[in-house]
Amino acid sequence: MRHEFTPTTYHTAIGPYEPVLRIQPGDTVATTTVDARGFDAQREQVTPRGNPQTGPFYVEGAEPGDTLVLQLDKIQPSRRYGFCGSSVAPNVVDPEYVRDLPDAPLAEWDVDTAGGVATLVGPESKLGRLTIPLEPMLGCFGVAPVRQQAISTATSAEHGGNMDYRGFVAGVTVYLPVFEPGALVFVGDGHAAQGDGEIVGSGIEISMDVEFTVNLRKGKTIGWPRGENDDYIFTVGNARPLDQAVQHATTEMLRWLQDDYGLDAVGASLLLSQCVRYDLGNIFDPAYTMVCKVAKNFIPL
Amino acid sequence: MRHEFTPTTYHTAIGPYEPVLRIQPGDTVATTTVDARGFDAQREQVTPRGNPQTGPFYVEGAEPGDTLVLQLDKIQPSRRYGFCGSSVAPNVVDPEYVRDLPDAPLAEWDVDTAGGVATLVGPESKLGRLTIPLEPMLGCFGVAPVRQQAISTATSAEHGGNMDYRGFVAGVTVYLPVFEPGALVFVGDGHAAQGDGEIVGSGIEISMDVEFTVNLRKGKTIGWPRGENDDYIFTVGNARPLDQAVQHATTEMLRWLQDDYGLDAVGASLLLSQCVRYDLGNIFDPAYTMVCKVAKNFIPL
Amino acid sequence: MRHEFTPTTYHTAIGPYEPVLRIQPGDTVATTTVDARGFDAQREQVTPRGNPQTGPFYVEGAEPGDTLVLQLDKIQPSRRYGFCGSSVAPNVVDPEYVRDLPDAPLAEWDVDTAGGVATLVGPESKLGRLTIPLEPMLGCFGVAPVRQQAISTATSAEHGGNMDYRGFVAGVTVYLPVFEPGALVFVGDGHAAQGDGEIVGSGIEISMDVEFTVNLRKGKTIGWPRGENDDYIFTVGNARPLDQAVQHATTEMLRWLQDDYGLDAVGASLLLSQCVRYDLGNIFDPAYTMVCKVAKNFIPL
Amino acid sequence: MRHEFTPTTYHTAIGPYEPVLRIQPGDTVATTTVDARGFDAQREQVTPRGNPQTGPFYVEGAEPGDTLVLQLDKIQPSRRYGFCGSSVAPNVVDPEYVRDLPDAPLAEWDVDTAGGVATLVGPESKLGRLTIPLEPMLGCFGVAPVRQQAISTATSAEHGGNMDYRGFVAGVTVYLPVFEPGALVFVGDGHAAQGDGEIVGSGIEISMDVEFTVNLRKGKTIGWPRGENDDYIFTVGNARPLDQAVQHATTEMLRWLQDDYGLDAVGASLLLSQCVRYDLGNIFDPAYTMVCKVAKNFIPL
């Protein structure tokens, strides 16, 4: 079944809040998200800033210990105006270089969805009117966290959250651990494009039209977000420092390869030895994000 | 001028050692490197283990404060036998998962240079005889460090060293800060292929035929290794934790864009905001390595 | 006014929950806490494990932006039985040493409050029946976090939480930032004693009789927990890695010295230069804790 | 035997350099050190800056795998003029706070050895003429490193080096792993006093009269510097981030307790559980330093 859902309330923490809609496994939801500052497709502020989330959506039958399967079917900018930070963040440069970072107003981008590009409009700089391809993604989404926590959409953990990973684009299937009855799915914080690491503290922030489809793997328990696209399977670790994010993601991948792909411990290590790739999600948020991935064509079936 | 040089001595630290050959800017050196354990193309151990380096090569005219330009012209396995570790390293997984890591002998690979592939020979595992494409690279190379230090080839710093970055393949031009008269160039630690992060503590370790060409940028001072290939310019940060490696690499890139590509501080930040990419060099050695890169086609000329 | 409060419910997250009691600034609360596993003074499990908290107590008049003053008047073990972990935690040793850590049952301690000592009862080891002085403290306490989050009592942040700092003993005055109306005070996780770092994942865990007195500094906003005892003022940073915890605590101290003690930026730096001391709170929980402190006798009035 | 040695050369790296004096186990050396910038007791610059070291002293009979026992007999300022940095270092505060750090000239101290105090002379600030007790210590000392490295006196590792730990005062016995024949002992970088962490990048830097006595533990191999004073035994870990320094120090302490004090793995863990204390050496140098210590009165004999 396909649900069209127009949000009227938003959350800046991900937690065990009252569902806005109940859906069945197999259902698709078509909805909208506001930008990181709470502005909608008409550039009107409809909710306070801070990565406001649409949801939560209650998935019937989801119970703690299950895995939620979340297909990202569509992530499409719903307006032309995007913005991003104009300075690399202080935590991403050498401490003694912080004083050399620029102090400039937010940068503005013209987002041309039909043309598939975004063009920098301002502020003025020697970079000029840079044009880059769109790669629309969701910066922050997930399910209600463990232990009935409500965790700020500024950060991330096992439940997902503000991972700001460029790889969360349409066509990807995400797997999330279920901690609360109904899983409680949240989506938000769309970026028309984003550099690795989200090092200016933002992608090209924009409102989105979003569609996703949910399914369940009953009784299947995972530790961290997982995902796959046509070419790769991947696992996501969220923590500081990056070293720990790598540890979480790598451990989760070793478990996945052994639990679901029939590899033994030696085989899983040897596969990763030469074939593993890592992507940097973000190095800006309170928890950083590293992604561990393996090309499907190297995994024996 | 082209020099054919056959090494007879090796170093397991990079420091102000007696040069084995004096060369001019513009010269090319064709030489060989042993594998990480000191075995040569005939699989005979000719020197103790520990990433033994060929060199140092003294570049006439190089002085502290200059930049050495090092073109990697050829990196080609000189035998069929390669080996790698069989377990993900304890520092790359969650601490409580360490006890679950396998304990297996070194893995052996058949390296088919003509065919362009490496095939896993053993130990036995459910992975079977995995075949992967060759991507020959140098794990450890560099110039004599600052302050007349002699730094172990187990680790890396501003002078290069054991960076274990998959991107150091033939065709790449590397820029290194000169700290000693003659720069003192070392090369070694060839890998027929390597996963991101070198997470089993090795790539496919193998002896190599190596050719490189040196040039100088007199009076040009850089802070960290830089490089470029057809598509990208990149900077390399070496430190722990990864966060600090990112800081070094990003700061060096901001400097490069402003000093050599005519960008101002705002333009450099805005370019990186959506276009920066990061590669994980290694997360195994005492200093970890992160690479900051930007596609050339986004940089205004 | 003095309130005697007997808890019947507990929380394993610190968040904007329904208050159990409303109190006025100046009031004292005498209450009890269960141990980290939910066992009370009679060694009966009255609530699930996970540092269950007594509270929250609503302080009339407290508003976001104020500072809560929390005097820890009494922290006294309410039974003789204490327990602790028997192995240093895997994250506190070199990764390759993890396999050498012991695997033993929980250790048990006889806690003699009258005598002021705790004696190790088991398991058997070559350490024998070690006896140490009591230093009763609260491992986890705080106020409702920013942004209406509910944060697990396993971890800590600006609001306090599971800081596991040996310095939170009776006689200390703690200052906490108020994020929610009423502040919402929680107390729990008593330790009869604890080593620096809580490196076995616990102190000597025990139920406690606790008394505290609350006051408000209206309109006074702080960033991180602060405290003072007879000899020192101190600030608390909670984060990973420890480096970041140090950054938070040091920044907060610099602010404190300038905002409230009349020092300028140079004077604050110079005072810390030779007089600063750091204590390690915990290096076990998801967020680590470092404490920055300065002896009062060095601070000019 | 007691040697009076007046240095004429200095080193700013610790490595396998030509010995300045050969001494026997049991011998005492009375010598002098210059300050961190190379100035001697007469405030004349006799060597370039960078923690110049007196030495190396060759200890007859010392071989790799032994332990050098280094008693710090005397560390006494040899002039009245001391200096220190005037701003907390950028890496010790929150990145966004770096811009608020002061920019001031070096601070000057009058060091009154007879009176046992140091008094701040300038720059002017609201701190005034702070007077603090002297605690003379050595910031940088050690033996030649493993693998014939020469490691900058800016940093530290298994061989010692620039640990900047307040606990290295007269009366302490230090144990260092021997990596080179003769051990090759270096001493330098005296501080009349220092705060924990050396957070302004220096203690009160000053020239010193130093005396030390060497002994050997033949065939006794240790991993990291160890030490003891009247009350504590301690181990020293040098690395970044602090977390890793803690891991090194704690692992070394677990080994020490089991190898030399007769504890089993459980007993060693239980001793540390409630009795371990940590000191922050430095959080300024390229490698940070954490110290793990245990009061001798808790260790069973």
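First chain written, first letter: the chains are A, B, C and D, and each begins at residue 1.
Definition applied: a contact is a pair of C-beta atoms (placed from the backbone, for glycine too) under 8 Å apart; a residue touches a chain by one contact, two chains touch by 3 or more.
Keep in mind that this is a model prediction, so the values were computed, not measured.
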Shared interface numbering between subunit D and subunit C [over half = same, under half = different]: same
Taking each chain's C-alpha mean as its centre, the one farthest from subunit D: A
Inter-chain centre distance, subunit B versus subunit C - centres from mean C-alpha coordinates, in Å: 47
Interchain centroid distance [CA atoms averaged], subunit A/subunit C, Å: 34
Sites on subunit D at which at least two other chains make contact: 91, 95, 240-241
Contact set on subunit B toward subunit C in their complex: 89-91, 95-96, 98-99, 241
For the subunit C and subunit A complex, residues of the former touching the latter: 12-13, 15, 50, 146-152, 154, 239-241, 244
Complex interface listing, subunit B residues touching subunit A: 84-88, 91-95, 97, 100-102, 104, 107, 118, 120, 123, 125-128, 130, 132, 193-197, 199-200, 202-204, 240-243, 246-248, 250-251, 254, 262-278, 280, 283, 288, 290, 298, 300
